[in-house]
Each structure stands twice: as structure tokens, then as C-alpha cells.
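The same subunit A turns up in both complexes below, where it pairs with subunit B and then with subunit C.
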Partner chain A sequence: MSAMLLQINDLITRFYTEDGVVNAVDDNSLYLNERETLGIVGESGSGKTVTALSVMGLIENPGRIEHGKILFKGQDLLGKSEKQMQEIRGKDIAMVFQDSLSSLNPTLTVGEQIGRVLRFHTKLSSKRIQHRVVELLKQVGIPEPEKRATNYPHEFSGGMRQRALIAMAISCNPALLILDEPTTALDVTIEAQIFELVNRLKEEFGMGTILITHDLAVVANSCNRVIIMYAGRIVEEALVDSLYERPLHPYTRGLLNSILRLEEETQGTLFSIPGEVPDLIDLPDGCNFSPRCRYANERCWQLDPQLEEIAPGRRAACLRVNDIDE
Partner chain B sequence: MIDAAMNRDQLEETKLGMRPHRGLLEEFWHNFKRNKLSLVGGVIVVLFFILGFLAPLLTPCNPVKQFDALRGEHNPLPPLSRSKEGHLFLLGSDKFGRDILARALYGTRTLLELAVGAIAIAFVLGVFMGAVAGYTKGSWLDELIMRAVDIMLSFPTLVLAIALLGAFGIGKTHIGPIVLSNMVKIMVVIAITYSPRFARLMRGVVLQEMTEDYVAASKVAGASGGRIITREVFVNTMPPIMVQASLMMATTVLTSSSLSFLGLGLQPPRPSLGIMLNEARDFLFLGAWWYAIVPGVFISLVILGFNLLGDGLRDSLDPRQARRVQR
Partner chain C sequence: MNDQVLLDVRNLKIYFPAGGDWFAQMFDRRKIKAVDEISFSISRGSTFGLVGESGSGKTTTGRVIARLIDPTSGHVTYNGKDLTGLRGKALKRMRRRIQMIFQDPSSSLNRRKTAGQIVSEPLRIHKLVDRKGLEARLTEVMELAGLSRRFLNRYPHEMSGGQRQRVGIARALAADPEFIICDEPVTALDVSIQAQILNLLMALQDELGLTYLFIAHDLSVVKHVSNNVAVMYLGKIVEIADTHTLFFNPKHPYTRALLAAVPKPDPKAKERKILHGEVPSPIAPPSGCRFHPRCPEMIGEVCRKKEPGEVTLSDGARVSCHLYSG
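On to the complex of A and B.
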């Protein structure tokens, strides 16, 4: 096993809104090895993005990190000052957001925006920075990089913008790259290209990557390990292959079943998980998933399942994990 | 096979990505010129700037000169009439025998100087206050600034300006070692009454911009708070502020003319459109229509010009809107 790049222990992040306390991340632990790609999967509001923002130290009022430790290369990020975090952001840990259009400042050229990351974190001269920007744009597969660097974001297509954002993220060779639903706003062919690019860059730069997505199909192609989140909690953790072979948590099963498979004959209807994500302010008693779970029984409605190690590297939070095996 | 398809898609994407390259200014102009009314507004504004600032070239006549033959007669002459020494009054003369065209042109010049100066000061003051309030949202500083703004805004502008001018008195004002000329004093007073509007708007725009993803993205890239507000957010807050500035130019023109009209602004014999209107009042029903019409039309056109320009700017200055059109 290679060294651990990121370790999150018992993280609790809450938002104190006017309507009540939102348990966005509810006592979760996870880790990421060097050069590894971890997928975090879940519906909207399951706490994926908040987990990432907690790592970046970007939880803002009314949110608060209540408890836990975030160790990056052995250093506790939660103990760092804002100033120290500014130095880490963009340099050691980089993040790419979902919406590439709004993630770019409309009044600065793409080249300027990539260059500024270098300006923050390196002592390169402006000339060298310009050089490097063009190099980066070339690396992420943007044609005519010299010309494109002087363009404004609105002159780029969606796929190109996402490439530019990736160029920005890798500009300082970060050890950890967090991709927050990087292809949600793109169409499928472009999505494939972006992941091809990300996979290549991971190899080249040896980055650890966290891929946040709601799409299990995407995870299958680019991740080593997966974490499934539901209502602020990790409900299952597994190596990608074993997850697809034998999902343990009923929620994971539901997710896998709702993927369209061409090779299997469909019975005329698409599968979907009944019900909806619970209100994070007023979580149900017992297991969070119990109101939607077809296997739930009395115990599930009363007892809160803990994330338990089922097999080496395999965790699941379900009381009936052994009963429901088909 | 798949590779070929991928390549084709990539090509397609590249082609789509090749929108015509335009700088932000060109982009703005491209959008602006499509709106004919705003072009008209722009032309009017430019025209009046030319009229005002080239006044010495456009009329050889001194705006305060009283033509000899008419002294004491108190009788305005209609347009195209001549004074006894042969001076042609293109737009007539006033009750002191002065050339109305010359006075209107020089008056336009002072009016525009005043309005531009006042708005510039109000802009700097207001934008600074608003940016500070927005950035420190929820703090005591924010409260302090915004409550002061509320108090200022609860007075009608003209009333506040009259009160301030009344407090300062007419003519030069001494504030410690600083001597303010009457003109600068009026500018400052108008600026004080208008800056709260800039402050309130700026605060709102800053708050809105701070929630944009690009702000989060630059935080992620390691930018500091100060840098984000000055380098990233500031430019993006400008479109609505510029629109506001242009529209407020119109009201400033009106306010400063009103002050002159009331005798609290610029003092005679300095040419001012407001003073001209005041003097013309006595002749309105005595047949001297040109006396009031000329300054009145000048003021109206300047205001119309700034209003049309402001509307046009609103439609074309927002890069996001430009993008929406392109999609």
C-alpha cells in the first residue's frame, strides 16, 4: 500500500440556517492514497461537495466544521490559518467545479486566469508565466494555444472551458485534484474526452484524485475506489470492481439498478428508487435510508447503522447487510 | 472507429469554439450599436459635450458682454435680430442685451463640468463605501455605512442639496485651510447627496457577485479576499454601476440646473442654463419665447441624451447578457 495523501477522520460539517441545523456531513471518515482515484457518489444534497469544500477550508457562514480531522500529507488542515490555506489552495490541492462558464471570470482572458494561479504560487516572471500558460493549454488539448490564451471565456465552447479549468487546476502540479461533477454540464462525447484527458494527466503528474459525481458509470471508468454517500453519511465503501460485482447497501443496489443497460433486456419500465432524499434538518429515526428501503424492518427504523468493515477495504452501513444477499 | 468519431467530435468542438475573437470593448460596441435609441442618446451626449467645450470656437461672442446700444432698455431681442453695432443675435438676446446662444453654449459647458465632476466624486465615494459594506457584510462597519446611507436616502435629493448649500452659504467656502470655489462646492454637495445611491447599489452588486462560482474558483486557486474584491469582482460590478452613473448624470443635470434656478447654485453673471431660465420667467408671457425656450431645450436634450445612453448601456454593458445572446 502506498502512502496516505489525505485522511479525513470523523468529519462533521453543519450549516446553521434559519430553518434549522443542516447536517451536511455527518461524522464521516475516509482516506485517499497517493496516485489513487477515489469516487464519491451520491444524489444532490448528499454531502459530496461539502466534504470537498471542508477539505479546501472553504466552508463559509452559516456553515461550520464542528468536529474531525483533515490530514493532508500528515498535516492537519483544520489547524491552518486562512493565510496558510491560501497557499495550499491551488498549489497542493486544486479543485475543478461543475459549471465551467460561471467558474471563469467573464472579464479576464483565459490566459490571465490560468496565469494568476502561477502568479500566486510561483516566482516566475510574467514572460515565463505566459510561456507556461500556453504549454498548459497545449497539454489539455486546446488547439492554437497561443491564440486561445488571449480569448475570453465566452469565446470558448463548454468542453474547451472545462479543459481550461483543468489546465488551471494542474498548473502548479497539485498533489490532490478534486473534480466536482466536472462533466455534468457537458454532452456525452465531450464528457468522454474530458475523462480521457483527466486519466492521462493523472498518470503524467501522479496526482491523487477525488472525483465527485452522481454517475456510477463515470466512476467505473476512472476510479480505483468508490464511496457512496447518502444524506450526509457514507453508506458504502468499496473497490470499484467489487462494488459492481456485489453491492452491499440497498441504496447502492438501487443506484446500480437505475443505470440503463443496453445489453440487458429492459422489462419496459426503468428502475428508480422510490421516495426522495430526506430533509437534512429533520432526519428520520434509525437508518436514514429506511423510508425508501425495500428491505427495511422494525430495527432499521429504530437503530442507526454504523459503517462497519465487512471485508478488507469494504465498509457498509446497513443492519441487514448479511440478510439481504440474494 | 471510435477514435475517428472522437476526432470528428473534437474537430466539431473546435469549430464551435471558434467564435469570432473580440475584446470586451468590441463586444460592448457590437451590442451597443444594435440599439438605435441608445445610439441617438450617445450622439446627443457627444454633441452637447462638443457644443459646450468648443463654445469659444463656435461663438466669437463673450457670454457676459452686454451690447451697448441695448443697455438699460431691458428688452430682449428676438432671434436673428441685430444690435445697434451690428452684432447678430442668432437665438436672440436676453434682458441685459447678452447673446443667448453664447450664454447657452457656455452654460452647457459649466453644466456638464458640474455634472461630470459631481458624478465622479459620488461614484468614487459611493463605490468605495458600497464595496466595503458588501465585503464586510453583516459586520458593524456594514451596519454603520448602510444606516448612514438610509438616513441620506430618506431626504429628497433636492431638499438635501438645498440644506447643505444653505449651511455652506453662497460663494467661496473656507474649510480650514481649504478654499472651495462655488463651483467645486456645488459639485461636492451634489456628490454627497448622490453617493448613497451608488453605495447601496454597489453593495448589492458585490454581494451578488461574491456568490458567483468564479469567486469560489479563485478562492480555490488560492486568491486572498482583498485580491478577489479588487481584481476579480470589481470589474464585474461595473456594468450596473456605469448604467447608474449615466442615468444619474441626467438627474444631476436637473438638480444643478434647479439649484441655479433657485439662486443657490452658480451665481450670475456666470452663464448657467438654470439662471437663464430664472431670468426668462418674467418674459414668458410678454412674447419673448426664445428666452426660456433655448435653455429649456438645452437642458431637456442633455437629460434625454443621458437617459437614452443609460438605457443603451444597461442593455449592452453586461457581458453575461452578451453571452446569452450569443448562445
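On to the complex of A and C.
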């Protein structure tokens, strides 16, 4: 059993908006082992990104972390000051965001931006930093790295910008890398290139990685373990193989059934989950998924299901988990 | 057979000035060859899929057919009439028959208007109903799109992404069109909502006898909805065939690479094949075959020097590749 790199206990993150209190992350616990890749899958409003931002210490007003512990290498991050978090962010924990254009400063060259991270976190000389920047760009597969370091973000393609962000994220050899929908805006051939790169870097540097995505196919290819989130709650957790073999939660089943498969003939009406994701300000009574669930009964509309261990390493939050096996 | 054709695109070229405004153009007379001589036709009542990565020209093609932009040369014939020459009243009449559904319903719907105002706009412009008939027609199209009339008074921000896209669909249906250009209609939607919208579009096609041009980068979506598919790369159609042939017996190396890059929702699947490099600039496309710098199946000098012509193979697929021209 490898050591635990990150442990989140009973995390509650809420946003106090004009319209009401948004229960973005609603009492969730999860962990990540060293060198492991954990996929967090969910649709919009599931709480997957807010979970990551809570780890990064980037929850801003009107958001508040109201409860819980976030232990990184045994230290509680929630007890750290902003100054201490600044030292951790980018050095020990790094995050790559979905939208590469807005994550980069348009007025600075790509090389300068990566250099700034190194200048902040290391004592390297300017010359060494320049070398390191070029080396990093080369590592992430950017051709002509010396020349490219002097380009501005708009001179890069979307795929190149995402590579540059990954270069920035790995610049200080972080122990934990969080990727938030890193390829959603990219074409499929470029997406394949980015994941090849991420998988290579993971092996080379042995980072623990959290991959946040809505795409179950991407998870199947690059994660060890998966967490499925719905409306602020973790509804299922499993090793990748067992999740795809035998999904337990009706929501996970629905997601897997509604995937279009290229290798199969599909015709006629697609399987679809009826209804819409609930309003996080006004969640339904009982199970959050019950209004859309084909298995829901009286109890599901009243009782809130807890995430329970079904088998070792396997958790699900469903009252009917044992009744619905076809 | 020919009388079945609703839309015919012949030798369509769309070039944009590379410079930008008139001043920049004085110094930069280069052209962006967004679409470079493509031809295809769509039969009445069918769905024609247009796939390709960003920069392939698929969206530009859709815009020319909707007459949102003028082509540089070539013809678009709709129901026997040349659309490219139409002006004034004749154009307005034709526009009623051809409608468009856009990718991002949050930016393609006016946020200051209610769903009712948005959907009634085409009815007003084309003077299709009098004041008394308006209410009934609005209710009718909203119901076709799967929304109750309660939504008529709501603003776009008061709706979910799926509901907004349904309003976009209702607006397209209001003018009682024959032909709808769907430009990435499910790309911005959550996984569980995508299947709902695809089912809706297919049911509407059956019910109203619609013809679709379905533009998307997601191959599995295009495969599910289309009868025929064209694959575009850098302004050219590289392969065009019926859906089954294209997906189960792809001919062009680019089509094959694209299919191999799609991640499979199965942890035991083989690794994705990586197509290296990026799509080159459409200002100066590569010599010979435009795909040759990235092509894993290049046969030699000829690929670099000579642009491949289109060949029709025994199964009806039309391919532009030197592998087949010998």
C-alpha cells in the first residue's frame, strides 16, 4: 500500500449568492495515493471543480469552506495562511485549467510566464531559469522551444497553449498535479497528444494526479480510480476496471449507457437520463438523483443516501444499490 | 435520383483576407483558404454529417449555405435554385426554408429577450401568423421542442443549457423550415443532456420531414445521426461516403487517424493511436496533399508534389488520396 498524498475529509464548500446558498461541495471525503491518478467525473454543477479549487485554496468570496480537512502529505491545508498557500501552489500542488487562453497573461511571453513561477519558488539564477524554461518547453513537446519561449500566448495554437500550461505546472516538480478538463476545448487528435504527454510525465516524475472531466472515455484510458459526482455529492467510487464492468449507482449506469460508441452500430433512440441536474440552491428531498432515477421509490424521495462501502475500495451512495442488479 | 437532391454544393471556395481590416490588407495580400473547392449534395429528408477539426472549414461551409457569408466562387443550389446569386426578397423567402441551430445557446440567444420573443421573431419577420395565431403557434413550436409554454416568459439565464438549446431549436422550427443547419448543437451540453437533444432532433426529422446538415467534431455523434458523412481537412473534403462505409471501412489516412484518436470508454481498450503534429496554417497550406506532413501512410514524393484528385471506389466512397489514385 503506497502512502497517502492527499486526503479530504468531510469537505463542505458553499457559495452565498444573492439567490441563496449554493451547496457546491456537500460533505465529501476522498483520498489520493502517491503516483496514483484519480478521475473525478461529473456534469456541470457536480462540484468537481470546486473540490479542486478548495484544495488549491482558491475559493473566493462569496464562497466559503465551511467544514472539513484537506490533508496534503499529512498537513492540513485549511489551516495555512494565504502566504503559506502561495508557497505551496505551483510548487507542491499545481493545477492546469480548461481554458488555456484565459489562464495565460496575454501581455507576457510564454517563456516569461513560466520563468516567473521558477523565480517565485526557486533560487535559480536568471540564466538557469532561461535554460530550465526551454528545457520544460522541450519536455512537453513544443518544437523550436528557444524561439517559442519568446512568443506571446495568442501566437500559440490551443494545443500548444495547453502544453505550455502543463510545462508551467510541472516546472517545480509538484507532488500533486490537478488537471481540470485539460482537453475539453481541444480537437481529438490534439487531445490524444496531450494525454500521451501527461501519461509520460506521470511515469517520469511520479506525480499524484487528479483528472477532472465529464468524459468517461478519457477516464478509462488514463486513471486508476474514479469518483463520480452528482449535484455536490460523491455518488460512486471504484477502481477503473470495476466501474466499467459493473457500475453500481443508477447515475453512473445512466452515464455509461448514454455514451455513443464508435465501434458499435447505433441506431434509433439513444438511452438518455430524463430531466435535468437539480438546482443546487434548492435540492430535492431525499436522494439528489431521485427525480431522474428510474429505480427511485418512496424511501429515495425521503431519505438521504450515505456513501457506503459496498466492497473493498468500492463505495456507492444509493439506497437501492442491492435491489437493482439486473 | 437527382430530383431527390435538396441541396447541392459545387466547387465552393471561401477565401478570407489574412490581413484583417483594409489597412492591414494593404500590406498583407495573402488569403486564408478556409474552404477550397468542395462539392457534395444532400438528399431530401436525410442527414449529412460534416466532420473535421478546428480550422477544417466545416463551420464556414455551413455559414455560406445559410447565406451568412458570401462564397469566393462556386455554387450552392437549393431545390434547383442557385442560392449564391439571391438578393432581397428572393433571399428572404429562401431564408425561411433554411434555418440554423448553433453550438452555444447562451451566446446565440438574445439575453434581453424572453423565450417567447426569441421564438416569435422568425414568425414576425416572415409574417407567418397574425396576432391571434401567434400564441397558438408559439405553444405549438415550444411543445415540438419539448418545452411547456411556461417557458415563453423566461429569459435565457433562467434556463439550463439543455432548455436554452431547446429554445434555439424552437426558434429554428418556428418558420416551418425544410432544411436545418445544426452547427455543433450538442457540444456545449452535459453528457446526460446530449442524448436528449439528439433524440429530439431525430424525432423532429421523422415528424416534419426535415433535412439536416449536421456539423460536429464529435465523430460518434455524427455517426449516430448521419446518413452520409464528409470528412474535411484544411478546407478540403478528403473522404465522403455513406455512414456505415465511412466508419467501418475508412479509406483516407486522415479519417483512419481521426477514428483511432477517439478514446474508447473501456479501460481494457488498446491505447489511442497518436497522430503527431498540428493542423497547418490555411494561409500557406502544404504542397501536394495537404495532409502529407502528418500522414502515417505517405507513399512518397507524389504526396509532397501532387494534389490528389477525387476517386470513387467500388463501395461508393469518394476519396482524395494517392493511395487510391494509382
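Assume the second predicted complex is superposed on the first by the 322 of 326 C-alpha atoms of A that agree within 3 Å, B and C clash if a C-alpha of one lies under 4 Å from a C-alpha of the other, contacts with A are read in each partner's own complex, and residues count from 1 in each chain.
Quick note on the criterion: contacts are C-beta pairs under 8 Å (C-beta built on N, C-alpha and C of every residue); 3 or more make two chains touch, one makes a residue touch a chain.
Predicted model, so just to flag it, every value in this text is computed and none were measured.
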Which of subunit B and subunit C A:117 touches, first, second, both or neither: first
Partner chain(s) touched by A:159 [first = subunit B, second = subunit C, both, neither]: both
Partner chain(s) touched by A:43 [first = subunit B, second = subunit C, both, neither]: second
Touched partner set for A:255, first subunit B, second subunit C, both or neither: second
Partner chain in contact with A:277 - subunit B first, subunit C second, else both or neither: second
Which of subunit B and subunit C A:216 touches, first, second, both or neither: second
Which of subunit B and subunit C A:192 touches, first, second, both or neither: both
Touching both subunit C and subunit B, counted on subunit A across the two superposed complexes: 157, 159-160, 189-190, 192-193
Residue numbers on subunit A that touch subunit C, as the complex places them: 43-44, 157-160, 187-193, 195-196, 214-218, 220-221, 240-241, 244, 254-256, 258-263, 265-267, 269-274, 276-277
Subunit B-touching residues of subunit A, taken from the complex the two chains share: 56, 58, 61, 83, 86-91, 94-95, 97, 99, 101-108, 116-117, 120-121, 141, 143, 147, 150-152, 154-157, 159-160, 165, 168, 189-190, 192-193
Subunit C to subunit A touching residues, read off their complex: 53-54, 160-163, 190-196, 198-199, 202-203, 217, 219-221, 223-224, 244, 247, 257-259, 261-269, 271-276, 278-279
Of all residues in subunit B, those that touch subunit A in their complex: 5-6, 9-10, 13-14, 16-17, 19, 21-24, 27, 138, 212-214, 216-224, 231-232, 235-236, 319-320, 322-323, 326
